Amino acid sequence: MVVVMCREADEAQIAKVIERLTEQGFDVHRSTGVERTVLGAVGGKIVDHRSYELLEGVAEVVRITQPFKLSHRSFKPEETTIIVPSNSRNGSGLVIGRKEVMIMAGPCSVENREQVLTIAGKVRAAGARVLRGGAFKPRTSPYSFQGLGEEGLRYLREAADANKMLVISEVMDQTQIPMMLDYVDILQVGARNMQNYTLLKQLGQVRKPVMLKRGMAATIEEWLLSAEYIMTGGNHEVILCERGIRTFENLTRNTLDLLAVPVVHSLSHLPIVVDPSHGTGRRDKVIPMARAALAAGADGLMLEVHHDPDHALSDGAQSLFPEQFTTLMGELRRMAPVIGRVVY
Amino acid sequence: MVVVMCREADEAQIAKVIERLTEQGFDVHRSTGVERTVLGAVGGKIVDHRSYELLEGVAEVVRITQPFKLSHRSFKPEETTIIVPSNSRNGSGLVIGRKEVMIMAGPCSVENREQVLTIAGKVRAAGARVLRGGAFKPRTSPYSFQGLGEEGLRYLREAADANKMLVISEVMDQTQIPMMLDYVDILQVGARNMQNYTLLKQLGQVRKPVMLKRGMAATIEEWLLSAEYIMTGGNHEVILCERGIRTFENLTRNTLDLLAVPVVHSLSHLPIVVDPSHGTGRRDKVIPMARAALAAGADGLMLEVHHDPDHALSDGAQSLFPEQFTTLMGELRRMAPVIGRVVY
Amino acid sequence: MVVVMCREADEAQIAKVIERLTEQGFDVHRSTGVERTVLGAVGGKIVDHRSYELLEGVAEVVRITQPFKLSHRSFKPEETTIIVPSNSRNGSGLVIGRKEVMIMAGPCSVENREQVLTIAGKVRAAGARVLRGGAFKPRTSPYSFQGLGEEGLRYLREAADANKMLVISEVMDQTQIPMMLDYVDILQVGARNMQNYTLLKQLGQVRKPVMLKRGMAATIEEWLLSAEYIMTGGNHEVILCERGIRTFENLTRNTLDLLAVPVVHSLSHLPIVVDPSHGTGRRDKVIPMARAALAAGADGLMLEVHHDPDHALSDGAQSLFPEQFTTLMGELRRMAPVIGRVVY
Amino acid sequence: MVVVMCREADEAQIAKVIERLTEQGFDVHRSTGVERTVLGAVGGKIVDHRSYELLEGVAEVVRITQPFKLSHRSFKPEETTIIVPSNSRNGSGLVIGRKEVMIMAGPCSVENREQVLTIAGKVRAAGARVLRGGAFKPRTSPYSFQGLGEEGLRYLREAADANKMLVISEVMDQTQIPMMLDYVDILQVGARNMQNYTLLKQLGQVRKPVMLKRGMAATIEEWLLSAEYIMTGGNHEVILCERGIRTFENLTRNTLDLLAVPVVHSLSHLPIVVDPSHGTGRRDKVIPMARAALAAGADGLMLEVHHDPDHALSDGAQSLFPEQFTTLMGELRRMAPVIGRVVY
């Protein structure tokens, strides 16, 4: 922390700030300039810097350490690689965070057995290795379809096994975790639950990867701190997922913040994937944004695909037709090598 | 819903849209203008309007009904008044949403028994009728103080009873509800949990008032829809609380959206209170914003007060000193009658 | 500026940063902590702190001086008071920035002679001392009414003189300044022109007060820097005007940032007024927000009033009826003394 | 416009709305549903829809026509192609808006003759066809470098001619236009001037292409309306440029809104380019975002390049080294064909 004193601050005021900093365990270095005095405070515990701002004679207080630890690159300089081992169900397993770009695809909501089986077959044929599908749906309105629950997870698992795929699905509450572990390979935390700390703490106890979506108004720093809640519990297999943030622009559902991809790569060793389906909200915008996400360096993509989007129970408008998905996969496959990545 | 066709849309395209609308139960009214055709669709079920935008020949689709029902004024034109009956503990009870402006005050976090007793005595003397204090704290960082839990609630209740006050405290997870009901009169849902639908649904089963804080990036519409999640469960005693939204301005912690007060009063019959402590983040800004909230028509104020904010375990910088709170109460008491309200 | 080195930074990297800082005239103070080294740089010229962020071994760079000077309280601790001297036209003149809250009222656009005369009489009778009215209108669409130009200014002046009022009107381009000086007492810079630096520099040459509206997405810091453009030219009579900022909320036209009032009062000695008409966009919201602005400590209010808003050529929806304005003035008059102000 | 009446609206209220609409030239179509009445209003002049919202019995008013005309696809379905004819100076001329992706590169500010000549040679060798460089600099602070003015333009022109390139440079005020026309091939309007309507109107009189940067808080609709100000003057050669918008995220200077690229392509026939230098603010983020912009479908890129960014007078931190630019060009050249484009 750095405390910048006002030009007109007197010695007594400076002394009081130094005393308080020392009391809180800081090592204080004083720089007396011609115009003003600056106090550098190193070490010490986590304090609310605003409490120093309110002291007399203080002009400004600047935090100099980022509050995250486990998720930060200075804690672990090399990239986190998450390995889902191969087994009889998923074929060859999966490695997340290396050269391969992980492609997750499937319907927004699981609607029935046939729907999931149909879509799983199609997205697997086009190259997707992870099947997505919502069984518990956090809907803004209580009057919208809320998901099939465990029944939906059963269909997902069956469809994934039939196609040697992995399953990812959203968990909405800590009470759902034990049951979900029987069905899914990756647990997803939705944007609205990014700061549901009770849920995050419980996911720290789990030994499966967790994909943490960015909250609609979460700064990158808050997002990493939420990852930190999972990691402090002992689960270091966290995948971040950018899905669009809320801005003043209202022609689009969200503003997809692709710049978050290289920013996260600088700050953290965790892999980051992009969801252009929620990030754009419209099928015709998903394709260019999926390409752009790959070009920006994303470690994976999550895409909604539906064979009959006109009758989808949720988000049909942002679901790709299977043929569009196949074409897109071809484009991604050709673009990836330019930046040293690969799409299978 | 209104579907505006493109200028160049042909009859086949228009017919297809009409067919689809009819299929979904809408009553369609066609307006054929010189330049373009507009289809008004009345009735019908809730649909994703984006799916119509993607049909050929469609220029724009406009939703014409707001998705909320129970919280909307057209459902219940008169103001909701919430009555907490008097009992041996709280003295004369409380009426929220009428002429009296409800004042809630107390520390950010419950830290120990003495702290709460001290502060409760002071805020009661100045006129506050409801004691606030956090026992479960949703902190952005896992390394910050997380609250005393049930022990904190016990201290709160004791301090409130000793001063004939009511208790409001935050619930973070559905599993905490049954225990909390023994201690609190009003359950608070924090900004980060505004879209924790599992929690909201459970609060719909409770028979005590719920104060629902606005999410940092929640539109007023989404906020009312979250209230709707509680109300559809049968609990109609919802109090809304504006506490600042996230904007590009970063000199202040949040932007307190006081305009939300008259906007909510137009749209909904639910009472709305303002929290200028979180809304501003700094003690010296709390006072003018508390006055402004009253002048904007707020039905109540929630204020953080601490007798020793320099050593508070959370948010000391935004806590008023008891003497400041007393002075502020005096100002509010003199301002209220100008707009037909009263502060006791 | 404070440069925080990475934990793993070596001596050579630290030396390079120190060398560069010294080269740019900084006085460098080194704090070598157990975990990391922090370099405090005092003095020196204005530099782009990002260029230090990109040096090897640097973790973070923090700017410690605010870039504004003339507008900052540390430059001039006492409030700026602007005095428009009395003359035969305006009666008793005007003092802005002291105890009296300045009330500016009038139509959005000047439409014709009768309109301005009618409205001026009504707002003067209710207590307004400054007549507002747009002669040059910056409209988002080129197809909207663009204002009467000089003819409009003539009507404004005539109506003001007839009622012993002052005139404020918007200047859109530097070429309009000389002509406008004949008609107006205060020159207004609109939100869209807040960073039109050519215009601001010219206004620095003028010897009449300038009211500078905050840009829709301008931070308070940028706003003060724009004031600085006028002040460096020699014109220190700048009045700031908050008129709503752009946020994700779209039920309202803008989000009126009343918190800006006490924030500006802390940072700067310049007076700040509030425009709740543009800040809310709807007549029924103007009244509570005008009261709230006063309660927040605003040094003035700018309000749109129209005797026939249904036929106004611009912004009729946000114009108060004269009777509403009169009632509001009565409320403001009774509220002001509570906070030590006065409304005549 | 569609006027949705309240459930409880009576016949007199409905009649009044119909009367008013008719008075303003609308053709009214009434849909009387079971629950509520909806009035479709087609034709009519541009009105402020808020004035209808304030009428009694009205629940909501929805605008159904977008206010832009000349820039909209429905006005001109095929893409706008801008052709800068070849001449003795620029070699083969330039075609903007077809298959070729236009690459503009150069320093942020023109600093001196040698600097521009050096950089121009390097970016031309790497494939750029347009030389960028600021001679008039709109700086947030009046204490920052403000540009070389006409002298800078002379250096730019000389360096461009020597390398058979075109010149683009920013115009800040209408008074600069005639002089600038002697030096530049494309006039750039900066983000801060996007709503400087006096300037835009004058640019409508010019017969050279104008590149219009998006304002930091401008919606896409407002941006197209600003283009419309230029086009209504008769100059249809407008190029849009996305350069990052302002959001709550403050780890990055701006949030680059790449989704604007496909959105603009849907709504308008105008070409759109991306400036990842200002859009990200840091050299290491420019490269992934430049690739992403191409992948999203941008018609061009504007990039800052400096051979000695450590001593640049502005924005050195976001300038690429010439070698980085050359590498990036190679990547773009290999990616473009995947989406049917070409980079020379």
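Note that the chains take the letters A, B, C and D in the order they are written out, and that residue 1 is the start of every chain.
The criterion applied here is as follows: contacts are C-beta pairs under 8 Å (C-beta built on N, C-alpha and C of every residue); 3 or more make two chains touch, one makes a residue touch a chain.
This structure is a prediction, so every number in the text was calculated from the model and none was measured.
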Exercise. Return the chains common to the contact lists of subunit C and subunit D.
Key: A, B
Quiz item: If you tally the C-beta contacts, which comes out ahead, A-D or A-C?
Solution: A-D
Quiz item: Any idea how many Å lie between the Cα centroids of subunit A and subunit D?
Solution: 31
Self-check item: Euclidean distance of C-alpha centroids - subunit A vs subunit C, Å
Solution: 39
Exercise. Among the residues of subunit D, pick out those that touch two or more other chains and give their numbers.
Key: 217, 246-248, 250, 284
Self-check item: Complex interface listing, subunit A residues touching subunit B
Solution: 20, 46, 48, 50-51, 53-54, 67-69, 138-144, 172-175, 192-193, 195-198, 201, 215-217, 222, 225, 228-229, 232, 246, 281-284, 309-310, 314-318
Practice problem: Could you please specify the touching residues of subunit A with respect to subunit C in the complex? | Solution: 2, 4, 6-8, 27, 29-31, 33-36, 38, 40, 42-43, 59-60, 62, 64-66, 74, 217, 246-248, 250
Practice problem: Spell out the part of subunit A that touches subunit D in their complex, as residue ranges. | Solution: 217, 219-221, 245, 247-252, 255-263, 266-267, 279-280, 284-285, 288-289, 291-297, 331, 334-335, 338-339
